[in-house]
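I have placed the structure first, in the form of structure tokens, so that the comments after it can refer back to it.
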Amino acid sequence: MKKLLNAPSDIVVESLRGLGLAHPELRVDLNHRIVYRSDAPVPGKVALISGGGSGHEPLHGGFVGPGMLDAAVAGEVFTSPVPDQIVEATKNVDSGAGVVHIVKNYTGDVMNFEMAAEIAAAETGVEVVAVVTDDDVAVQDSLYTAGRRGVGVTVLAEKIAGAAADAGRDLNGVADIVRKVNENGRSMGVALTSCTVPAAGKPTFDLPGTDMEIGIGIHGEPGRRRVPLAPAKEIAEMLVEPILADLDFTGGDGVIAFVNGLGASPLLELYLMYGEVAAVLEKAGVRVARSLVGPYITSLDMAGCSLTLLKVDDELVRLWDAPVRTPGLRWGV
Amino acid sequence: MKKLLNAPSDIVVESLRGLGLAHPELRVDLNHRIVYRSDAPVPGKVALISGGGSGHEPLHGGFVGPGMLDAAVAGEVFTSPVPDQIVEATKNVDSGAGVVHIVKNYTGDVMNFEMAAEIAAAETGVEVVAVVTDDDVAVQDSLYTAGRRGVGVTVLAEKIAGAAADAGRDLNGVADIVRKVNENGRSMGVALTSCTVPAAGKPTFDLPGTDMEIGIGIHGEPGRRRVPLAPAKEIAEMLVEPILADLDFTGGDGVIAFVNGLGASPLLELYLMYGEVAAVLEKAGVRVARSLVGPYITSLDMAGCSLTLLKVDDELVRLWDAPVRTPGLRWGV
Amino acid sequence: MSEIVDVSTLKSWLIRFAGDVEEHAAELTELDSAIGDADHGSNLARGMKAVITALVDDEAPDSIGPILKQSGMTLVSTVGGASGPLYGTLFLRMAASAGDCDALGPQSLAQAFRAGLDGVAARGKATAGEKTLLDALIPAVDTLESALAEGTPFDDAIRAAADAAEAGRDATIPMLATKGRASYLGERSVGHQDPGATSLALLFRAAANTMIDGEDGK
Amino acid sequence: MSEIVDVSTLKSWLIRFAGDVEEHAAELTELDSAIGDADHGSNLARGMKAVITALVDDEAPDSIGPILKQSGMTLVSTVGGASGPLYGTLFLRMAASAGDCDALGPQSLAQAFRAGLDGVAARGKATAGEKTLLDALIPAVDTLESALAEGTPFDDAIRAAADAAEAGRDATIPMLATKGRASYLGERSVGHQDPGATSLALLFRAAANTMIDGEDGK
């Protein structure tokens, strides 16, 4: 394992310390591993919290700031945070308007956020609405799975819901926007290499030099199937096709097309992939309204990428375009 | 080699195509492999061009836009662009106020930009001033080397000179700012793994699992020395120490501290490194005025990072803080 | 034989389990690499270390229910992931069932385990056969209860429960996962042993090893 | 023997060199991996491919100087890096020296090489012994000149030049690089063969092989 770290067990808190030092506009509680925008709670505004296992940076700590999250709660690497942390963050961001929890659909995340919401309601009286994202079409949403994983749509939901909260929507209004984004978004990923969990010290899975894993998640969980490494053109088709098969993305105001790097794939390759994806979408009659290309929801040092398509209407485009000022996403301010 | 690409020989132009599609505010000339801000030439403004081999993204194409570069010229992977490209870009961005070329100090880059400046002056009459960046303290600037390599300072110079050009400085004034940044900036890098040049198809060098390469450049050129993998704390010292030994960074208005990812090292680790660097700087009495953390001048899929320190005064801080709107760096607009 | 688990035995059990988890952490993580995200060993080791730290604190409670409760709360607030709430709930429900007493007899212990099992099933919305830690927990609790009901001596009953947990653990190998992270693999989950069931079997073996006088390891 | 390089021979030389570079591209890149950035083979292969494409174009010039000029310009505008301007300058200066003629005699060829060498040295600000392509180019040109001055027949002279280029190439192995990318390595550059000197030796061997009647490869 070749990583820039001291002890593997300290990687999360030491990384948060660096984040706090590099971004004076954030307040980092190292004890609870919470990243706050420093002016939280913002009077009158519905607050937005997300969180999850670490190792997906900039998600979630890098998305804290005006126009996006009020706080992010960091778990250990690939391990959801614990209820105490979530309760602490919830209390500290609530201005009285209530708090929306954006939770990626993993058993651990869902249970820990559920327990936190129960405690927050019982002990502090803060109104919490949790919305679960589950956009990964690689997983069948059926009786035989824990449901689809929450992946790329989470980034878009955090941005768009942040804008809705800024615009003054109430608790249910903001939660509804998260649901709307989740319902209209789908993702699919591919890994060229495994990631290495620092505490494990070696790659989570073996991926021979000539293979790639289609339908990968963001935790090094194996994907749908292993196939021979293919040219970018074909990979683009393998990503787009199952997404389009799951939801009709044609017509309307088009889509936000989001090509996400999983960690180790450089921007040179991500833009190339975006070009290929754009070509496949054009052929399929899907209009791209906005795009996002870069490593935004990563899986440590995994090479590969994911594609997220979000079907947008005028409202979603407007909220997407609204100002945002976080370490990871910034425009309009 | 596991990369998202089609044919290795097409990677640069296909990546530029994706960049152009993803960023309608840029104009990409695929034929000449030039990225322009779409409103170039900007009347009355001194224009800024940079360029070099590809594989360092977002440098340089991702730094084109208001407040930074007017155009970026992309060579093959790790190969400087050719004079024709540079001449073409120079002609197209000149508003009559002249053009500054920011050139990283590599034999190839310097020669190609020199030839281009000669041709541009002779054939088009455009006034060009070229400034070479050479901030890498891993290389001795002596009779026995090609001089120090241009690395991290280039990013800071492009940002700061872009702001100076926006502020209305004339050709020599903008060139002077680039020189000032270069003279006050120093860098040092470390690689944990080699990169793989697409056309070569395998890692440029072998780095056994227990070693790292100190004093690495951004092209997979071997560094100063190979040492056993060390904890982040010690790596931070190995990066800071030779920089401080080369130039006095204490006093004054402090420094811009820039922890740069070389490609495959995730943000989790880069922020951790920033925390360690900040601690070493504090002990050394160096005040951090501003910081930048992320992969901004990369070396394909190399794992590792570099540190750049830029000694700033009030003027440089003001220019650093000025609005910038590019795919790779964006604030204040 | 009516006061089988006193405070000292309870503490020994927790300490031994913590030690076993530490010892098998790499193996648990390895199992989790195959069908999950490579963290079960470090998750549980972190949690049990915290449980033991809390246990030896001067302010630590000194009766059965409160010790179990503190342990459950510690697990919930240090483990995270799926196993944190699940292991935490197991201990919290056992605590509620046991109450603030100085020792548990066989029946009360079995009742506490049953309450814990019910809590875990409710929290995780899973049932038998889904390739989770329930597949070790259910046979262990069932076996303990029925052995005691048949009049089996406690030593034999708890040993049988540990055996049942291990058999349940092994039985997860051919199972198709339909809950938790392993369910994402579909058919590819078959042929791998569930990490949570593996740690759960360690919990029961540690119970047998500490609750049976003179028993030492298997 | 006074008209040694006519247009057809010049073209054959360029085509053979292009083929040799293509064939040795991986080897050149491998050498560049050790002390550079792993691109010399692909750089020069790309450039020579473009040279040949331009050469066979209907509009292509059909006399010595213009062909050399077109080739030099093509190299400058397709190779990039250090070798693009250097190889480009070599051909451009040779073109200027040769002028618009139908063939070159031995003396004119040697003069053209000397002009090219001077141009390369000026462009790269390097001298002998710095572990660059000059370390193959200088002995090759010196040898060609002195052999001709001594009255050596052209065949032998150009073969000697190719031999000298290869000896010069080999002599770069123990050298310490003080120019170009390899200079960053300091002492660590010692023990590696310079990629540019290696391709330069291919250029002279290709010259010998095409300019000597019936010569075929070494």
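We call the chains A, B, C and D, going by the order they appear; numbering starts again at 1 in every chain.
Rule of thumb we're sticking to: a contact is a pair of C-beta atoms (placed from the backbone, for glycine too) under 8 Å apart; a residue touches a chain by one contact, two chains touch by 3 or more.
All figures in this text were calculated on a predicted structure; none of them were measured in a lab.
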item: Other chains in touch with both chain B and chain D; value: none
item: Chain located farthest away, centre of chain D as origin (C-alpha); value: C
item: Separation of mean Cα positions, chain B and chain A [Å, integer]; value: 29
item: Chain A-chain D separation of Cα centroids, rounded to whole Å; value: 55
item: Where chain C and chain D are represented by their mean Cα positions, the distance between them in whole Å; value: 75
item: Residues of chain B touching at least two other chains; value: 77
item: In chain D, residues with contacts to at least two other chains; value: none
item: Category of the chain touch graph - line, ring, star, complete, other; value: line
item: Interchain pairs in contact, sorted by label; value: A-B, A-C, B-D
item: Chain B to chain A touching residues, read off their complex; value: 2-7, 11-12, 14-19, 21-22, 54-55, 57-58, 62, 77, 192-193, 209, 212, 229, 231-233, 235, 263-276, 278, 288, 291-293, 295, 298, 300-301, 303-305, 330-333
item: List of chain B residues in touch with chain D within their complex; value: 9, 53, 75-84, 106-108, 111-112, 115, 138-140, 143-146, 149, 197, 199-200, 204-205, 217, 219-222, 224
item: Interface residues, chain D side, partner chain B - complex; value: 29, 33-39, 41-43, 46, 76-86, 123-124, 176, 178-181, 183-186, 188
